[in-house]
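Chains here go by letter, A, B and C, matching the order in which they are written, and residues are numbered from 1 within each.
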Amino acid sequence: MDQVEKSLDEKKAVKSEPKSCNVTEFVGTGIGDAIGLVIANVDPQLHDQMKIDKKYRSIGILGARTGAGPEIMAIDEAVKATNTEVLSVELARDTKGGAGHGSLIIVGSEDVSDARRAIEVALENLNQTNGDVYSNEAGHLEFQYTARASYAIEKAFGAPVGKSFGMVCAGPAAIAVVLADTAIKAANVDVVSYASPGNGGTAHSNEVILTITGDSGAVRQSVIAARELGIKLLGTLGSKPVSTTKPYI
Amino acid sequence: MDQVEKSLDEKKAVKSEPKSCNVTEFVGTGIGDAIGLVIANVDPQLHDQMKIDKKYRSIGILGARTGAGPEIMAIDEAVKATNTEVLSVELARDTKGGAGHGSLIIVGSEDVSDARRAIEVALENLNQTNGDVYSNEAGHLEFQYTARASYAIEKAFGAPVGKSFGMVCAGPAAIAVVLADTAIKAANVDVVSYASPGNGGTAHSNEVILTITGDSGAVRQSVIAARELGIKLLGTLGSKPVSTTKPYI
Amino acid sequence: MDQVEKSLDEKKAVKSEPKSCNVTEFVGTGIGDAIGLVIANVDPQLHDQMKIDKKYRSIGILGARTGAGPEIMAIDEAVKATNTEVLSVELARDTKGGAGHGSLIIVGSEDVSDARRAIEVALENLNQTNGDVYSNEAGHLEFQYTARASYAIEKAFGAPVGKSFGMVCAGPAAIAVVLADTAIKAANVDVVSYASPGNGGTAHSNEVILTITGDSGAVRQSVIAARELGIKLLGTLGSKPVSTTKPYI
């Protein structure tokens, strides 16, 4: 009984409002030790160091210990909905001992309310964009899909804006090589990028990350085919992989 | 009594057949969250992305969360025994929170049965090649030796094919600097490569990796001298380091 | 009661003499799985591999699984006090699953007693230089300050020797972007370097690291302002961050 209540409490904790903090720059927190922040007037010395155009007086910041794909997708929706631009997407080798990435994403705006709104929207999106992240004790799988990519996806992967976009990723990387082949064969899609531990595109994470574009039905079909196989393959190294939140694709 | 049975069960678990999986591409699993896979007909788009010559219609894939040296040595034996070629060796910064690497190794063949056989042989070899990997709560030591290096060792370290080869590695890296000096002084050997966290050869792991060549007796003597010292030095940071399986050198 | 004694024992363990080891090269151990070592006469082959001038017959080695800033600061004091030179400072992506770095630092001397003394001094300094490293379950904060930087700080960050130096760092990196802005605005200081996960200066850690110079009062004021804010922001992701030892700034 105690156990059940504890589980419910934990679930509520995830869905509850972020822990508040009496600091102007604080926006909120999210899954994966994600934190959202804003700076209303970036100091000129910091502008120079970050190589950011000074017309972006305000910046919004989204970072996480666990997750890069979910944050990129969440910011992609946020920039569609707000008057902001994606200034940088950086991957860290993290996930707190897991096989993948953490992230640091910066958006810019002339007015701080726009940057703040973008980060709020992104934090709200994290529940959905973590939906097709599956994990067990041996590793993780990540799948993403959108019918219309925007500027965060373009910045991170070089994918065409306005077109359908899909992502297939797994760690250990070996599994993702097979998932990549499966995704490409499952439907008529074009490869946008292929990242691997030692040959670029990752921060030496133990992942292969394939991104694809094409007709939206085809992209979705490819991602779903890879997801089905990935759950089987990662399961051979441990228990059945489970979604972080709720699958959305 | 229960404890003893549990231990035996765990040992059996390691030695038992890998968890099976109803997927054509699956070959098996091994120590360190290793997984072996094959693709019979690599999609041409994936060939391009992986920069693999299209004459290798089939590829074998060996990857692990924990371990790169053991996988390289295991594939080295596998390519001696099969009609395959080592196409790439990539290091990931991994070991699930440990100081070292995970790995992604690709072998190519014209016929899928060759690639599959290579991965089977490699998975069988992992028990031996993990034998001189020692660890405690503070880090790990790794030693490898072969009387005759083949193409995986050449690809990974630039060592001469057909000659004796030794590897000395430890994390934290500081310990391995002393082990490297000890190995070089212990016998008449030539250094092949020296990798460190910030100056190349590692994926920013907390390791120094020395590889040596020379007369087989000398190489073996060097590796053994370093191993003896390494167990003492890593032991100052925690409990006595223990072998992952059973020492073979 | 047992609990209390255990806690005291653990505290004593940290402050007690390092576990001894019957090896000439061993100097001692410290916080963060730090280990200090010396080599009296570096083998010429190792000199070449490490790209060290052969006039440094002896080297001192300080490495850690958890921590780079504390080790750099500790060596900085050590080279002020001894006849040694800082030959290299390398960052590893480590901290045993945390967001930051491990380290490998080499000092050189003509006489082994100098190298040994430098490493002894550095190990003694680690308790202090870990004082403004704060952590909780979600990440860490690190602050450093000295009124007079020496050669380790110059080597690691390019900071001017003989001048006041401050460092502001946090993981997840998002928090540190705001801390950097706060530090720069808090007093009249000049930025020396800004490192981030994907744009250089880190080993893909999930950190932003800002270093500053200027009037010593101003630098100290900047660091303290960032520290106050950092404790609040990291606290939104978990419990209140606590110092590893005892704050010194």
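Keep in mind that, in the parts below, a residue touches a chain if its C-beta (ideal position, glycine included) is under 8 Å from a C-beta of that chain, and two chains touch if they have at least 3 such contacts.
Predicted model only: the values in this text are computed from it and were never measured.
A.B. asks: Is the contact between copies subunit B and subunit C built from the same residues on both sides or from different ones, judged by whether over half of the numbers are shared?
C.D. replies: Because under half of the interface numbers appear in both copies, subunit C and subunit B meet with different residues.
A.B. asks: Nearest 5 degrees, what's the C-alpha rotation angle taking subunit A to subunit B?
C.D. replies: In degrees, rounded to 5: 120.
A.B. asks: Would you kindly tell me how far, in whole Å, the mean C-alpha position of subunit C lies from that of subunit B?
C.D. replies: 31
A.B. asks: Going by the touch rule set out above, which residues of subunit B reach two or more other chains?
C.D. replies: 93, 96-97, 203-204
A.B. asks: Would you pull the subunit C residues touching subunit B in the complex into a rising list?
C.D. replies: Per the stated touch rule, the residues are 18-23, 25-26, 29, 33, 35-37, 39, 42-43, 45-46, 48-51, 59, 61-65, 88-94, 96-97, 102, 104, 106, 203-204.
A.B. asks: For the complex, which residues does subunit B have touching subunit C?
C.D. replies: 93, 96-99, 138-139, 171-175, 177-178, 180-181, 184-185, 190-191, 194, 196-199, 202-208, 210, 229, 232-233, 235-238
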